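Below are two complexes that have chain A in common, paired first with chain B and then with chain C.
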Partner chain A sequence: MFLDLAWKNICSQRRRSLVTVLLLLFATAILVFSGAFMEGSHRQMIRSAVEIYPSYLQITGNGYRDEPGVDRLVFDLAALNNVLNAQSEVALATSRYESFALLVSDHQALGALLAAVEPDKEAQVSRLKQSLIRGEYLSNNDQNQVYLGRELAQRLKVDVGSNLAFVGSGADSSFAADRLHVKGIFQTGLFDFDNSSAFVNRTYIEPLMALDNTASHVIVLPHNPDQVQDLARLLSQRLPPELGLEVRSWQETMSGLVEAMTVDSIFGYLTLSVLFLVILFVITIYTLLAIMARTREIGILRAIGSSQRQIFTLLLLEGLILTLAGVIPGGMLGGAFAWYFQENPFSFSAWEEQFKQYNLAVSTLPALFSLTQILRDMIIMTLAALMAMLVPLLRVTRLRPTEAMRHV
Partner chain B sequence: MQLLLRYSLIGLILFSATPLVAADAESLLQEMEDRLYGDTAIIKLAMVVGNRRGERRMEMESYSSGRDRNFIKITYPAKDRGITFLKIDNGLWQYVPRIEKIIKIPAAMMLQSWMGSDFSNDDLVRESLLSRDYHSSISAEDDETWTLELTARAEAPVVWGRLLVVLSREHLLPLRVDYYDEENQLIRTLEYSRYSEMGGRIYPARWFMQPREAGQEERWTRIDVMEAAFDLDIPEETFSKRALKRLSR
Partner chain C sequence: MYKLIWHMAWNALGRRRGRSLLVTLMIGASLWGLLFMEGIYDGMTEQMIDNTVKSDSGNLSLFAQGYRLDPSLDRLLPDSLLNQQILRTNPLIKSRSIRFSHTGLLATAHAARQVQIQGVPLEEEIVHAGLSDKLAQGRLHFGSDGNGAILGHGLAGKLRVSIGQKIILSAQDRQQNINSLVLKVNGIIRSGNQPIDDKILYMDIEQCREFLGVSQGFSQLSLILHNPDNTALLQEQLLRELDDSAIEILRWDQLYPALLQGRQVMKTFNLICNLLVFCVAGLGVWGVMTVSVLERLREFGIMIAVGTSFQQIRAQVLLESTLLGLGGFILGAGSGVATLLWFVEHGLNLEVFQEGLQAFGMDTIIYAIIRPDYFTTALIAILLACTASVILPLRRLKQARPVTILNSQ
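After this line comes the complex of A and B, so read on.
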């Protein structure tokens, strides 16, 4: 009976109903899609930043992350590798030795990160190899070949085939220097990284830098990147404490970026909430006007014996029908957009070069189609709309029948 | 008239009393540097760098003239023999035989460790010029020492905020230098000891550098002066960039 009555009332006030439904549809679609787009693009940005070089899971000597130095290295690489190889969750582990060195060309001498990597394995844990733009990536047999960031190569005024020299120090802080040939040039799009990093094959530099059994980082690639935090916890427990190591997932190593993205989301939602406040305010006013117009009718209903609660239920039901009529198709519309842009991300490839200059290493920004997130947004919207309708509803149901009937 | 003259003389003495004390600290510092570096100095020394993994020993010859010119040649270990350094005009050049290159150490690298020690490239360039870069005043004294407090001159491009130099009254040579950063944190301490006669003067045969920052406790650098000769003629040639390569052999 309530439902019939409610439906009748909705139909009798077509304009109010239509505007309310459309507003809610529009608002829900925007909320769902913006949420999906923010989440999707943030994930993409974090993923690129993580995968370019830092990678998902890092093991370092205790305290190395806060203050890098030869006193805080991984001192027993072989023992660590033995432990890692025995873990079924570990897909691959590779070592890096990072040091600060002076790179000297015929034109320039510049300080830079000089990192010794295991070229084949490195190619699987980072995007170093994919970022090649000229020449070739390193190989496991390379001698004094160097793989240089594009901006660094530009500053040194060298190109593929040029000669360089490095002057640095080894794991025992002894002096290390040698000549290098530029084998390849890479560009990841992270300007600072491309501007200050150079890579060499570990087996070549091992004797020169007295690396022996040491490394500055061991990078672990988990079978399932979504469970990297669990794996980090697991490894922290399983690594023998006498090795003096700490395990960090990308959520920790890249905490600054993760925080920046969270702040960005918060500001995104704040901006949206201003829009929603306006929309909800309009809905409140429309509801108020519609219900005021029916004050007399409500008074009569009360006079012929309807209880306050019955009237409240009736009006709430009307509101709920309108809300759902807006929110459900709105959610579907927003969801459809989210799905479409997940499959066909916004592409900025035409501006990729400019993007890289601004330190953005992504050329596409996808949305994220997540049912839970869409349902969450729809529920939020439904509750907000009902709240907006509640104020006028409560006002009118509290009127006394005689008072209401006299209302014109 | 005579009375007036006498009073003005007393006044003059009184007024100039304050600057005299300040000049005193400056001249103590000057004197210390003169004794430590001489007009010219030829020093053979060993530098031992220690950390939690062990010790590493290097040997080198240092030729200096005045305060601002210094030539250093590494003589041990064999793999580093022939690496040479030249400090002139506030710049630092290096020659590495293995790569056959003369390199000017860029400004950005000046604070990097020198040869893996706890001395930085900047120390090599500036350490002997404290009196040029810092104001000094006497902050404490007892029967055996003066303590000079050095604060950076406004225009001096230095890395330390404040230095405390403990000076032996007996030798007018340093016993200890404490280096503070701009936040007034003690960063490192350099201690001079084993005073003995070398090259015709009393000279500290051991210099011991200890970083004081958290996490650096296990690091240290020790310089043992093996031979020293002062105020000899050093050929002008030695302090030229050509010498970097020529004297490397």
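After this line comes the complex of A and C, so read on.
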């Protein structure tokens, strides 16, 4: 009976009901889609930043991340590799030795990151190999070969086949210097990285930099990148303390970027909240108008024996029907947009330069279609709309029958 | 007559006090939210631009032709440029500073990093870049022997150097020899411009020239104007007066187009938000005005029957909705100004997100700004929304005939 009555009442004020439903539909669709777009674009930015070079999980000597130096290296690489090889969650582990060196060409000398990597494994944990634009990527047998960032090569005025020299220091703080032959040039799209990075084969540079059994980082690729934090915790427990190592997931190594995305989300939702505030106000106003127009009718219902509770339930049911009539299609509409833009990401090629300025190499941003998130947003919207309706509902149900019947 | 209309409109609103208050509150709250958002977002954008202008680009920067594509020590501006009348006595220019830039490697006993060497005349740079406000540690001084250095806080952090510590600077000089120099860290600055904070090393310009084997010249002349709106005007003047085949004269927005793009996006974004919010608010006013007109059909019928013209009734209804809008505007603008003034003075402290904000070159305390156009745009939008909201109710009223109305009630 309640449902019948509620439905009749909704239909009797068709225009107001329609506006309420449309507003809720619009608000829910915007909330669902904005949430999906923020989440999707943030994931894409982080993924791109993580996969270009830093990777998902890093193991370093204790304190190396805060205070990088030759006294905080991984000093027993073999022991660490033994532990990592025994972990079923680890898909791959590879070592890096990062140092800063002066690269000297015939025209220019520049300070740059000179990193020794295991080329074959490195190709699986970062996008270095995929970023090749000229020449060839490094191989595990290379000697004196260097793989340079495009901007760095331009500044040094060298190209594939050119020679240059490096002067740096080894793991034992000794001087290390040699001539290098440019084997390939890469471009990740991150200006800073391409402008200041050079890579060599680890086995070549090991004796030059006294790297025997030593690394600055060990990069771990998990089977499931979504569980990288669990793996970091697990490895922290399983690594022998005497190795003096710390395990950091990308959430820690790239905490600045993670925080930046959080700030972006906060400001995004802050903006949406202004729009929702006014929408909820309009819903309150419409509910008030709809209920006020029926005050007399409510008085009669009370006079013939309906309890305050029954009236409240009836009005709440009307509100719930209107809310669900707006929120459900709104959620579906927002979800449909989220799915579409997940499959066909927004192209931001005009914005590429601006993203690069903040070390983000992305030209397309997808939305993220997540049922859990869509349901969460729909529940939030339903609760907010019901809250907005609550004040007029409480006001009218508290009226005494005689008072309500006198209402004009 | 107008007094009567005013009186009637005011009384009509007063009779439905709760409803009127709710609409006023809705407009006020949404305007408050919009003003807060616009003030903070614009403050954020302008702070980023201001940090970049002060620490690097100035409003205008002069470089030797080709220097930006190939920043070599052979492409320098001559010292004589500073004596040019247009640069010495131009009333548009507030401050100027010369910079001698080169890249090198900065090392401690434990670590090394790529560095942007910036030789500057310190006194000028302090005024020009507002370095005193940016000092995070130590002091702004190159020492009596000129062997002091001031580092960006990101660079200092990566090298883990502190005040008083020695650092070794290596770079290739003009004759292509690799030189090294021991410097002492005297100060650490936080400019808010991320590339500067992560890479900059300030040192004495004379010491820098000597270290790099250059006797005279500089890489960049940065100019800050009294009124930034005159930037294009000064650029034109300089292009006319100076030899543009040897000198490149670039505005900050030509050097950092992404920042200008950011400012334009923020403007469009604010405009879209205004539109959306006031369209929805207009729906709220429309609902109230429709009910208000429909429930007074009999009243209007009587008024028409006794000779009141439809124009007068239209004016009354329009005035009612405008009064609601203006009430909301006064409430929203008042509370918005008060809130923004607080944030202009104290700023929005986001230190908890320090790392994230710095990754985007933002300050951790964001000072709001207040622009007159926030209020004019909002007022126009509110008045339009209020006017549009009574069109349909008035049409319905016009279609109803007085006798029919009186009989129907």
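Here, the second predicted complex is superposed on the first by the 396 of 408 C-alpha atoms of A that agree within 3 Å, B and C clash if a C-alpha of one lies under 4 Å from a C-alpha of the other, contacts with A are read in each partner's own complex, and residues count from 1 in each chain.
Please note the rule applied: a contact is a pair of C-beta atoms (placed from the backbone, for glycine too) under 8 Å apart; a residue touches a chain by one contact, two chains touch by 3 or more.
Owing to the predicted nature of the structure, the values given are computational and were not obtained by experimental measurement.
Based on the shared chain A superposition, would you classify chain B and chain C as clashing or fitting together?
These partners clash in the superposed model.
Report for A:F175: first if it touches chain B alone, second if chain C alone, otherwise both or neither.
A:F175 sits against chain B, while chain C stays out of touch.
Of the two partners chain B and chain C, indicate the one touching more residues belonging to chain A.
Tallying touched residues of chain A, the top partner is C.
Between chain B and chain C, whom does A:Q310 touch in the aligned arrangement: first, second, both, or neither?
neither
With the two complexes superposed on chain A, say which partner A:S273 touches: chain B (first), chain C (second), both, or neither.
second
A:S255 in the overlay: touching chain B, chain C, both, or neither? Say first, second, both or neither.
The answer is second: A:S255 touches chain C but not chain B.
Touching A:S370, do we find chain B (first), chain C (second), both, or neither?
Touch status of A:S370: no partner.
Could you say whether A:R16 touches chain B, chain C, both of them, or neither, answering first, second, both or neither?
Once the two structures are laid over each other on A, A:R16 reaches chain C alone.
Applying the document's definition of touch, where does A:G63 land relative to chain B and chain C: first, second, both, or neither?
A:G63 sits against chain B, while chain C stays out of touch.
Determine, for the stretches 145-153, 217-225, 307-315 or 397-405 of chain C, which one clashes with chain B when the structures are superposed.
That would be 145-153, the only stretch with clashing C-alpha atoms.
Counting contacts the way the document defines them, which residues of chain A are shared by the two interfaces, the one with chain B and the one with chain C?
In chain A, residues 67, 69-71, 100, 102, 104, 109-111, 167, 169, 173 are touched by chain B and also by chain C.
Of all residues in chain B, which touch chain A in the complex?
Those residues of chain B that touch chain A are 49, 51-54, 56, 74, 77, 79-80, 83, 94, 96, 98-99, 101, 103-106, 108-109, 112-113, 115-117, 215-216, 218-219.
Can you list the residues on chain C that touch chain A in the complex?
Listed in rising order, the residues are 18-19, 22-23, 25-26, 29-30, 33-34, 37, 41, 72, 103-107, 109-115, 158, 160, 170-172, 176, 178, 194-195, 257-258, 261-262, 273, 276-277, 280-281, 283-284, 287-288, 291, 350, 353-361.
So in the complex, which bits of chain A are touching chain C?
These residues of chain A touch chain C: 16, 19, 23, 66-71, 99-102, 104, 107-113, 155, 167-169, 173, 192, 196, 255-263, 267, 270-271, 273-275, 277-279, 281-282, 284-286, 288-289, 292-293, 351, 353-354, 357-359.
Which of the residues in chain A end up touching chain B in this complex?
63, 67, 69-72, 75, 100, 102, 104, 109-111, 165, 167, 169-170, 172-175, 177-179
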